[in-house]
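Shared chain: chain A. Partners: chain B in the first complex, chain C in the second.
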Partner chain A sequence: MLKTVISYPHMGNYAAVFERLFAQLFPRAEVRSPPPITQRTLELGGRHSPDFVCAPFKYNVGNYIEALEAGANLLFQTGTGCRYGHYGELQEQILRDLGYDFRFACLSRENSRPSAALRTLHAAGCQLPAHKIAAALYLALLSIRGLDEMEFWMRENIGFAQSSDRIMAIHRAFLHKVRQADSAAQMMRAIESGRCAMQAIKLDKPEHPLRVGVVGELYTLMEPFSNFNLERQLASDGISVSRAMGIWFLLFGRSDARSLQEGGGYLRYPVGANGVDSVAQSLSYARRGYDGILHLKSFGCIPELNAGPALRALSKREGIPILQMSFDTHSGEVGAATRLEAFVDMIRMRKGA
Partner chain B sequence: MTGRTSLGVDVGSVSTKGVVIDGDGNLLAEAYIATQADPIGAAKQIVASLEKQLGGGVKVESVGVTGSARRLIGAMLGANAVKNEITAHAVGALARHPGVRTILEIGGQDSKIILIKGGVVVDYAMNTLCAAGTGAFLSSQAARMGMRVEEIAQAALRARHPAKIAARCTVFAESDLVHKAQAGHSKDDLMAGLCQAVVANYLSNVGKGKQIRPPIVFQGGVSKNGGVVRAFEEALSAEIHVDSDSHLMGAVGAAVLASKAQTGVSFDFQVSRRPCRTTARECAGCANRCEIVTFFAGQLKIDSWGAKCEKGSA
Partner chain C sequence: MTIGLPRALAYHRYGVLWETFFKALGGRVVVSPESDPILIAKGESLADSECCLPVKAYLGHLDRLVGNCDYILAPRFERIGKNDEFCVRFWGLSDLARGTFPGVRILSYNLKSHRPDSEVSGFMKMGKTLGKSQIAVLAAYKKAKQAQLTADTRAGVNQRLLLDSPAIKVLVAAPPYILRDPAMGGTLLRLLAREGVTPIFPEACGRAGCRRASKATSQSLYWVMNKEAIGAIELLRPRVDGVILVSAFPCGTDSLVNELVLRREKRLPVIQIILDGQEGEAGLQTRVECFADILKERRRGYA
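For the complex of A and B:
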C-alpha cells in the first residue's frame, strides 16, 4: 500500500506545530511540510485560483501544489468565520482538475466541530484511542501558546536588541523543540527556557519608544511573506510592534460579543471573521497611547473591508493615524515600503511635536 | 545659518528635478528635465546643469534624493538622505509655506494629499493601483488632440461650457473625450472638462474622507496647469496657492532633509562625468528568483538591491 504523506498550507511558523501534531496522530504516515513560500508558490497559486478570490486562497493553492509535487497525498485544510470556510472544497476541485491524486481532509465550518473532526481523522487513518488524540492536541495547543507568546515578545522588542541574531537563534531553537516535543512537560520546559533566554537579551529601548499596533485579516497578519515583512521593516526603524493576532487568539482569545462591547460603538454588528476585533483592538491601542495602527488585509477581504469605515471614524475621533494596506499577488513591494516609510516619518513627527 | 548648502534631486517617473539651496533654504540653482526612462542619465544632466548655473565657488555639503528612483540615484550621488516622496513634498511645502494645512500634489504617475497641523504631517493618502488623473494621462490626451501639454491650460481657461467627462477611470474618460469631440464640443470645452475630471477623480480617490482645510498648496508638475488649478478652486471653493517653484518642491524637500540631517557628505559635481552602470541578474538561490540590481561607479560596486535574503547580496 502506498505510504501516506501528509501536508498542509503554511502560515507563519505554525508548520512546526502541525508537523509534530500530525506525526503523533498518524504514527505510520510521513509528515512533510510544503517547501517554504517563495515567489513561485504565489505564482502557482495565482495562476490556478479565481482572480478575485482573496490572497490566502492563492497562497494555500500554491502550497498544496508544491506539497503534491514533493510527494504529499493527504492534504489538510480548515477554515471558519468568512468565505475561507468554503475554500477547502473549491481548492480540492482545482487540484483534482489539475490531475493530482490525493485525499483531502477538510475540517472547515461544521466539520471543525470536535465530533466531526474526530470522524474525519478516523477516516483519514488515525487509529489512536481518544485519550492519545487528546494528548497530541493538548501538546499542539501548548506549543501554539508558547510560540505565540515568544513571537509577541519578539515583535515588541527585536527593534531594540543590540543583536537580533541572538533572538533569531533562540527562536529557531524553540521551533526545533516544537518539532521534537514528546510530552506536555517537555514543551513546558522548552517554553520556560525560551522565555528565560529572551529575557536575558540586552535591550536598548528608550523610555517612550514609537509603538505601532497591527490589526486586520488573519492570514495577511500571520504570514510575513504575504505582507512584504512589514513588521520587520517597522522593527528595523526602531519601532515596538504589537499584534494580538495569532492562532491562540483565534481559538481562545476572541469573541464577537466582547469585541463589539469593547469597540466603543464604532461597529454595532459583527461584520464577519475578525472585523470587530480589528476595531476593538484599534480602540484599545488608541486609548493606550500608541502612535499609529497598521490595518492589513488581503485584497478582497470582505470582513476587513467592512471594518474600514469604522476604523476611519475611529482614526478621526480618537486622533490616531491608521494606515490601511491591501495585498494581492502583484509585487508592489516598493509602493508598500514607500507608504510605510511615510507613515513612520509621520508618526515620528507627530510624537516629536 | 540653519543648515548646510544642499543638493536635492527628485527623480520621478516622468520628470527629474534638481535644486541647490543654501543654509537658509534659498534656491541657488534649479533644473527640470524629462526622465525618459533613464534616471541615471537624467540625474547626470541635472547635476551638470546645476554645476553650470552655480559656476563654481559653491560647496555642496549634503545631498538628498527622493522620487521613485531614489534608491538608484541616492547610491549614484552618495546621498546622506534618501526619502519617500510624501515626506519630501511635505517638508518642501513647509519650507515655503509654514502655515500650510493641506498639500495637494499631482505628479506624472502618482498623486497624493498631505494634511498638516502645526507644521506636522498628521495624515496623508496616495493613489493606489491606478494612475488615473495624473500628469501622464493629461499629456497623453493632449497629444491625442494635437496639443502640447502646456497648451491645455490656455484652452481650458478659454472654455465657456466645459464638457462633462467621466472621472472614475482613464479608460472611460478617454472614451468620453472621443465621444464628446465627435458630438461637436470644442477642444477648449473638452480640455476644461478634462481638467475638471482630473480634479473630481483626485477628490474622490486620493482625497476621499479627508478634511481639506485652507491654506491649501498645490504642487507637482500638474500644478503648472492653470486649468486644473481653476478646477480645484471651483470644486473646493477655496484659494489654491501655487508656488512659482511648485514643480520643484519634492527636490526642495529632499534638499532640506539632507541639509538638516545629522551628518553631511562632501559632494563632487564630477559625478556627472563619471561612468557608472547597473547590472541586473536573477538570483538562483531559491524559487523566489529575486531580480537583483547592482550599481557600479567605474569598476567599484556601490550598492545592490532587490534580494529578499542574504543569498542574493553576494
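For the complex of A and C:
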C-alpha cells in the first residue's frame, strides 16, 4: 500500500506544531510540511484560484500544490468564520481538476466538533484510542501557547535587542523542541527554558519607545509573507510591536460579547470573524497610549471592512492614527514599505511634538 | 412619523413586510428611488473602495433618505437557520449605516435565528421605539407577514408561467438585489430581452426548495442568498437552456460559490457575468449575444 504522506497549509510558524501533532496522530504516516512560502507559491495559488477570493485562499492553494508536488497524499484543512468555512470544498475541487490524486480531510464548521473530527481522523487512518488523541491535542495546544507567548515577547522587544540573532536562535531552538516534544512535561520545560533565555537577552529599550498595535484579519496578521514582513520592518525602525492575534487567542482568548463590551460602543453587533476584535483591541491600544495602529487585512475582507467606519470614528475620537493596508497576491512590496515608512515618520513626529 | 426604506439589498426580500408593517402602524413610508448612476456614484464616495457594488448602492440609497424621514430602517441579518447564514456583509449593515451617517435616527432589528421569535421580538422592539402598543404591533406584524407571503407566492407563480414559454430560457442565478436593481441587473435583462431570451429568476422554485436543492452542487454551502441563487439550477435543469451567474464585484461569497458551479455544472451551458458598475455596455452586449447564439444553436442541434 502507498505510504500516507500528510500535509497542510502554512501559517506563520505553526507548521512546527502541526508537524508534531500529525506525527503523533498518525504514527505510521509521514508528515511533510509544504515547502516554505515563496513567490512561486503565491503565483501557483493565484493562477488556480478565483480572482477576487480573499488572499489566504490563494496562499493555501499554493501550499497544497507544492505539497502535492512533494509527494503529499492526505491534505488537511479546517474552516470557520466568514469565507474560510467554505474554503475546503472549492480547494479540493480545484486540486482534483488539476489532476492530483489525494485524500482531503476537511474539519470545517460542524466537522470541527469533537465527535465529527474524531470520525474524520478515524476515516483518515488514525487508530489511536481517544485518550492518546487527547494527549496529542493537549501537547499541541501547549506548544501553541508557548509559541504565541514567545513570539509576542519577540515582537515587543526584538527592535531593541543588542543582538537580534541571539533571539532568532532561541526561537529556532524552541521550534525544534516543538517538533520533537514527546510529552507535556517536556514541552513545559522547553517553554520555561525559552522564557529564561529570552529574559537574559540584553535590551536597549528607551523609557518611552514608539509603540504600535497591530490588528486585523487573522491570516494576514499571522503569516509574515502575506504582509511583506511589516512587523520586522517596524522592529528594525526601533518600534515595539504589539499584536494579540495568534491561534491561542482565536481558540481561547476571544469572544464577540466581550469584544463588543470592550469596544466602546463603536460597534453594536458582531460583524463577522475578527471585526469586533479589531475595534476592541484598537480601543485598548488607544487607551494604553500607543502611538499608532496598523490595521491589516486581505483585499475585500468583509468583516474588517464592516469594522471600517467604527475604526475611522475611533481614530478620530480617541486621537490615534490608524493605517489600513490591504494585501492581495500582487500588491507591490515597495508601495507597502513606503506607506509604512511614512506612517512611522508621522507617528514619530507626533510623539516628538 | 415617516420611515425611510433603502431600496437595496434586503429590501428586495423583505420590502413588502416592512412597508405593510409600518403603514399598518400608521406611519408614512418613504422608499428611496430606483438606483441610477448618480445614486451609485454617491454610494461609492461614501463607502470603502473595496466594498462590493451592492453595498455601495445601499449607502447611496441611505444617503437619499437622510433628511427625508424621521427614521431610517437598517436591520442586521445574520441567519435564518443553523446552516442558512447571510453573507457577513449583512451582519454589518446596521453598524455600517450607523457609522456612515452618525446622528441619523436608525431603526433596526437583528435577525439571528431560525426561530420565528427572533424576527417577532425585533419588530416588537421597533414598535416600542415608535411608541405603539404591543397589540397593535403584533397585529401589524401578522398582517405584514401575510402580505409578504402573498407577494412571494405571486412572484413565484409569475416566474413559473414564464417557464411555459417556447422561447429560449435562461436561468439568471443571482440574488434579487442585483436582478431587481436597474443599475445592476437591469442592463443585462434588457440585453437578454433584445436577443429574444426569456430570463427566469430563481424565485420560480421557491426559496426553501432552492436551499434544499443547492446541496446537489455544494454540500457544505451555508450562505442563504447563494443557496437560493444556485439551488434553482438543479430544479430547473430540464426546463431552461442555460444559466447565467451574475455577480457584483467583488462579491465575497460568489467568489467561492460561482467558481464551484462553473467547475461542477457539466450539463447546462453556464457563463458568469461580473458587474462592477464600470462596464461599458458593449462588452456586456457581446457576451450576451454570444451566449444567446450558442443556446439557439444548441436548440437547433437537438431539434
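One rule holds in what follows: the second predicted complex is superposed on the first by the 352 of 353 C-alpha atoms of A that agree within 3 Å, B and C clash if a C-alpha of one lies under 4 Å from a C-alpha of the other, contacts with A are read in each partner's own complex, and residues count from 1 in each chain.
Note that contacts are C-beta pairs under 8 Å (C-beta built on N, C-alpha and C of every residue); 3 or more make two chains touch, one makes a residue touch a chain.
Owing to the predicted nature of the structure, the values given are computational and were not obtained by experimental measurement.
Visitor: Using the superposition on chain A, decide if chain B and chain C clash or fit.
Guide: Fit: chain B and chain C sit side by side once superposed on chain A.
Visitor: Looking at the overlay, does A:G46 come into contact with chain B only (first), chain C only (second), both, or neither?
Guide: In the superposition, A:G46 touches no partner, neither chain B nor chain C.
Visitor: Just checking: does A:G146 make contact with chain B only, chain C only, both, or neither of them? Give me first, second, both or neither.
Guide: Neither: A:G146 stays clear of chain B and chain C.
Visitor: Name the contact category of A:P321: first (chain B only), second (chain C only), both, or neither.
Guide: After superposing on A, A:P321 lies in contact with chain B but is clear of chain C.
Visitor: To the nearest 10 degrees, give me the chain B-chain A-chain C angle using C-alpha centres.
Guide: The C-alpha centres give an angle of about 80 degrees at chain A.
Visitor: So in the superposed three-chain picture, is A:V334 touching just chain B, just chain C, both, or none of them (first/second/both/neither)?
Guide: After superposing on A, A:V334 lies in contact with chain B but is clear of chain C.
Visitor: Per the overlay, which chain contacts more chain A residues, chain B or chain C?
Guide: C
Visitor: Going by the contact rule set out at the top, does A:G62 touch chain B (first), chain C (second), both, or neither?
Guide: Touch status of A:G62: no partner.
Visitor: For A:D345, is the partner it touches chain B (first), chain C (second), both, or none of the two (neither)?
Guide: First partner only, chain B.
Visitor: Touch check for A:T38: first (chain B), second (chain C), both, or neither?
Guide: first
Visitor: Quick one: classify A:A353 as touching chain B (first), chain C (second), both or neither.
Guide: Touch status of A:A353: first partner only.
Visitor: Measuring by CA atoms in the overlay, how small does the chain B-chain C distance get, in Å?
Guide: Shortest inter-chain C-alpha distance (chain B to chain C): 5 Å.
Visitor: Which residues would you name on chain A as touching chain B in one complex and chain C in the other?
Guide: 312, 326
Visitor: Going by the contact rule set out above, which residues of chain A touch chain B in the complex?
Guide: It is residues 35-36, 38-41, 312, 321, 326, 334-335, 338-339, 341-342, 345-346, 349-350, 352-353 of chain A that touch chain B.
Visitor: Tell me, which parts of chain A touch chain C in their complex?
Guide: Going through chain A, the ones touching chain C are 50-54, 57, 82-83, 85-90, 93-94, 97, 106, 108-110, 266-273, 275, 299-300, 302-303, 305-310, 312-313, 326.
Visitor: Touching residues of chain B toward chain A in the complex: what are they?
Guide: 68, 83-87, 118-124, 126, 128, 209, 286-290
Visitor: Within the complex, which stretch of chain C touches chain A?
Guide: 48, 50-52, 76, 78, 83, 87-89, 91-92, 94-96, 98-100, 102, 110, 218-223, 249-253, 255-260, 263-264
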